[in-house]
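You will see chain A twice below: alongside chain B first, and alongside chain C after that.
For the complex of A and B:
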């Protein structure tokens, strides 16, 4: 299989319909109305059939009028049922769109002789027809429609940017500055209906839902800023269109089966894969970066624990008090892969040095810099213990664990404030000395 | 319990009556279908009726848990499983296909739950994602299946749009078994289902595993959806889960009754849909069943006395009539307070007391006179009768008590309390009045107006 002009054509059509959907999808997702896209793209079916029956042709104008009317009916009825019938909105939507879709199916089946409208085509689209059109050298009507709708969507999103943004994030504020949230709602619904109809021939109604929702959700995972989110969602939509055609042209040959899938179906799957990618790889919120953050934190805690243990060890040697369990703990702590890595890092940062004792044993010891760091940690730990002893009812032997956790997170300012709170305390509740404030800085 | 039996008996009796009437009036061909003389019709009608019942029963709980649309994700997510099963075994056997549908449906539901737990992804988006992406995956496999198994794609089509024409005894048996499982499940787990519908926290504090109950509920939903695919199609099967339950909600607040009603509505829709589509050519059964359910829904929403629109509207009109009436009496009473008992008031001065129009006022006065609560003199001046005075004093007292309460306990400025009290005085129940009296340590006298000169709250 080789790439032909027709393939480029299919990609362009796919990208146009996907971008048109993605533009509006951002607002559906942010308004938590994703299912309205689902509902409308199903519900416009009877509108299309009615337009077809009335005008007796596949006239573009009539189809769009029909779609807009039914789209509005869906939105209005959903609102009305959930308001007057006190039905939960999701369920109200379910009631409305299934009934409308059922009506559309019956109309098609009844008028099968008159309507040149395949329910199959409405559902799944048939982007491949563009391929043959392109080979003949004509520009298909559906392509022109899509281009117009894409332009309209872009204008809608750009010109009403402020209004859409404010009604999406703060409808109350919108009302108080004189922007009608309900009008924006219905305007958005009309645009969704228009876009759904224009996209039907390319991607079909159910895949319209994929294009409305999935790129926007993926973009939302990647950024906090609305303009960036809109751009990203359109980019993702276009990538999906390209990837789908590339897959369809080359993959069957690679796998040797010679089987092609519908490009539109592959597009939906491609957006799904991109979404999974975003879920895993998104900076900050992605699963991977969160896991990395957790690992980094865990490693820092291990390093700090080793510093603390070394400090306590040398302290008990200095004061001549019986060597506490610190020694034993340290022995345990530096075994294992994680601890070895932590010691390696500590040595690299010149916080810890290795003393070779005579008997071939190695012993860890703090450098001066390490000593200061460790003193700071132990100071936080013991101050926190003192603070808890003063202000909470925890028994003495329960103070260590919370302090053990807090010492890694507590900020220097916090330590200072605790110090101010407990000015005369020099020993922690267990009778050990609280190291003096930093010698390091 | 008795009430439930009566209600259900009512529904069934009216259905039977409608049936009987239909059998008498319709033409011969329809009568043939209605009386189920043909074997095929019997199978199909039995299947869709049972399917409607099962979906209505379990749909009730989905509806109350606000999970209605998860059914949509579930039904669309069955497509990959169906297509893969088709790829391996062809469409000869229904068992593997249903199994495939169930497995990929469950994976779809789990995917919704997984996606929902990611911070930026809300439930509605999760449903939309699963629905469309799974459907896309399904379509890819369908295409492959069509290319390898040459020819017969009708087998797959019937899952998408639903057709009962090919329904055989075995399919009806599947549906019957499902209906039985759902019925037994709902009966035995009724208490648990009720708990997690209304008070999940309480349920888990009682040591019940919400997760386990949820899973059992979802399993029944999956089962119903999967056997329903053939009859209604995967796009519309969600309607059977939602619409009967939503319709039943209009009639009652009682869960038992609602569940029974939803089951009845579902089976009536299934029955009617199957009959109608058997009678006429070129009618897709699934769509007709959904439209039948839609009719039940519209009927319930408009006419149900409890939460239906007509009932609500009538109650609202009644309330606003009562409020208007009480306002007239109160206005007269306030006049008496100022100018002495038995005073006759002109319409113009009454008109100034509230923002009512002349015609409203005239209508209200006429009603008060008719009921003997007011008398209108020849000079068109109006006064209270004894019975009217008692009622008026009661209303005025409620108004003043509430005003005082707001001023003392809710820190509302005296100049603002009038409107608030105005809204509430007509609907204060006696217990609240007693509590107010208690809180304000008032006697049963009418408290003085806080707006009067020199009144200090």
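For the complex of A and C:
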């Protein structure tokens, strides 16, 4: 199969409706009102049907008026039901939009003879028809509607950027600086209703819901700046539209024609895949970067543990005290793969050196730099034990493990503060010397 | 709850609740004056007949047990929740006309700190009321915000995302935002809740700075130990005003007993009775 003008048309239509939804979706997601997008995009159906029945045509103006009225009704009823019915807003929304949507479907069935609306089209849209429109050389009315609505959404988000931002972040503050949070709320609802109607014919209500929420959620994972988040969400929406059509045009050639699917459905799946990608790859909040962070931390802890053990080893040799059991573990520990790597790193950082003993065996030893570093760790450890012993009634054998954990996280300032708290203590609760503060820079 | 209807007796001093005469209850010099305010949630009164007038240039602690209606008092004064009856005046005029004179620091938990914004973004929001409706913040707005952050010791964290700040640092961002609002009256809802010692002293320094500039600050406060130290005046609250006035006169053992001790079971029972009968329950 080859790419035709019609395919370009479909991508443009898809990208326009997806972008329009994504723009507003940012604020729905940040306001924790994702379900409201769902509700309104369903609830506008009876408005559309009523407008159709009253004007007896598919006039654009009447459709929009009907949709906006029902969109507002949804928002108002939701508030009223959650207030008077004493249920949480999500439940109230669920009640309102399912009833309105069902009402719309009944109206279509009842008036099937008069209404030129197809429930199937409402759900899944009819994006493929734009394909033939393009080939005939006409510009479809639905495309024009979408372009106008996209422009309105863009103006809404740009011109009222401050108002949307402040009423989303802190409605109380907004009201106190004279920006009415309730008015912005209803303005957003009206724009969502408009966008849902304009997108219906092209991509259907299912995709509207997906595009209102998914690109914004993915974008939120990827950045912590609002303008960047808005741009990213639109980019993701456009990529999904393009990817869906590319898939539908070229995939059948590779995998056979059975693989082809409705373009708007593929678009929804594509945003889903992009979201999964964001969940895994996002900087800081992504699964991958968190896993890396944990691995880095684990490796640091192994290195520090080896330093601590070597310090204790040389200490017990110096003082002639019996070898502790932890120390005996060192021999085992350095055989593991992780420990080998840790030793390699420690040598590269010139904290540890390898001593060759006469009998051909090798032994690890601390360098001067390593000695200072290790002393600091052991100092943290023993001070923490002393601190716990002083301030809690833990038995002696309960002190080592918490200190073993804490020694890796405790900052020099905290060590100093413990020292101030325990000025007289020179030995830890087990009677071992607390290393003095070092001169390591 | 309120004196509805007109008294028909010959008493010429009778004041009715007719809207026109309301202002006679309010002292126009008082930064905040509350007259006979009752607030209800789901028709259940949580504040009864509050009468209060703040004195200009004072730090006022609003003190009372949990559920006493301290935050409610602030929110109702700022029209964030509806009043069942009564009225509030800011320098003698309704709040609607005096918004710019009033700064509000909400409770820290009331905000979603995951919002994609930096500390300086949040502080800049305090200036939105004074910017052009359509244009983005100008350079001098940003500078003002940065200056305010500097004043609360947050200059080096100005561009950090707000969820990556500690609780105390978040509170300081809110205070910096209140500063740039440059209001005459500040309402602060538990600014000391859950902050570290450094932030606590930063807040105290800021309160005194505001006072030195002649501002009136009303602070919901939980820590009874520090009330004497921090506040000039105190408003003891437990569903009604127990006592108010200079801290040294009002913050007495006896008044605290009245506020925290002996439960006002009758008030609570009456509130529940009202809620029940309005709902049409048993």
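By definition in this document, the second predicted complex is superposed on the first by the 436 of 441 C-alpha atoms of A that agree within 3 Å, B and C clash if a C-alpha of one lies under 4 Å from a C-alpha of the other, contacts with A are read in each partner's own complex, and residues count from 1 in each chain.
Basically, a contact is a pair of C-beta atoms (placed from the backbone, for glycine too) under 8 Å apart; a residue touches a chain by one contact, two chains touch by 3 or more.
All of these numbers come straight from a predicted model, not from anything done at the bench.
Undergrad: Specify the outcome, clash or fit, for chain B and chain C once both structures are aligned onto chain A.
TA: clash
Undergrad: Quick check for you: in the superposed arrangement, does A:99 touch first (chain B), second (chain C), both or neither?
TA: first
Undergrad: May I ask you to decide whether A:75 touches chain B, chain C, both, or neither, giving the answer as first, second, both or neither?
TA: After superposing on A, A:75 lies clear of both chain B and chain C.
Undergrad: Could you look at A:351 and tell me whether it touches chain B, chain C, both or neither (first, second, both, neither)?
TA: Neither partner.
Undergrad: Please work out whether A:243 is in contact with chain B alone, chain C alone, both, or neither, and reply first, second, both or neither.
TA: neither
Undergrad: Report for A:22: first if it touches chain B alone, second if chain C alone, otherwise both or neither.
TA: neither
Undergrad: Scan A:198 for contacts with chain B and chain C and give back first, second, both or neither.
TA: neither
Undergrad: Which chain makes contact with more of the residues of chain A, chain B or else chain C?
TA: Result: the larger residue contact count on chain A belongs to B.
Undergrad: Contact-wise, after the overlay, does A:279 reach chain B, chain C, both or neither (first, second, both, neither)?
TA: Once the two structures are laid over each other on A, A:279 reaches chain B alone.
Undergrad: For A:229, select first, second, both or neither according to whether it touches chain B, chain C, the two together, or no partner.
TA: second
Undergrad: Applying the touch criterion given at the start, work out whether A:220 contacts chain B, chain C, both or neither, answering first, second, both or neither.
TA: In the superposition, A:220 contacts both chain B and chain C.
Undergrad: Can you tell which stretch of chain C bumps into chain B once we superpose, 24-32, 42-50 or 96-104?
TA: Between chain C and chain B, the clashing stretch is 42-50.
Undergrad: Return the residues of chain A at which the contacts from chain B and from chain C coincide.
TA: Shared contact residues on chain A: 32, 86, 220.
Undergrad: Would you tell me which residues of chain A are touching chain C in their complex?
TA: Against chain C, the touching part of chain A is residues 30, 32, 86, 159, 161-163, 165-166, 168-170, 172-179, 220, 223-226, 228-229.
Undergrad: Across the complex, what residues on chain B touch chain A?
TA: Its residues touching chain A are 63, 66, 68-69, 71-72, 76, 118-122, 124-125, 127-129, 131-133, 135-137, 139-140, 143-144, 147-148, 160-161, 235-236, 238-239, 242-243, 245-246, 249-250, 282-284, 286-288, 290-291, 293-294, 297, 301, 307-309, 312.
Undergrad: Per the contact definition, I'd like the list of chain A residues that touch chain B in the complex.
TA: Within the complex, chain A touches chain B at residues 29, 32-35, 37-38, 42, 81, 84-88, 90-95, 98-99, 101-103, 105-106, 109-110, 112, 119, 123-124, 206-207, 209-210, 212-214, 217, 220-221, 257, 259-262, 264-269, 271-272, 275, 279, 285.
Undergrad: For chain C, which residues are in contact with chain A within the complex?
TA: Those residues of chain C that touch chain A are 42, 75, 78-80, 99-100, 102-104, 106, 110-112, 115-118, 121-122, 125-126, 128-131, 133-134, 136-137, 161, 163, 177, 181.
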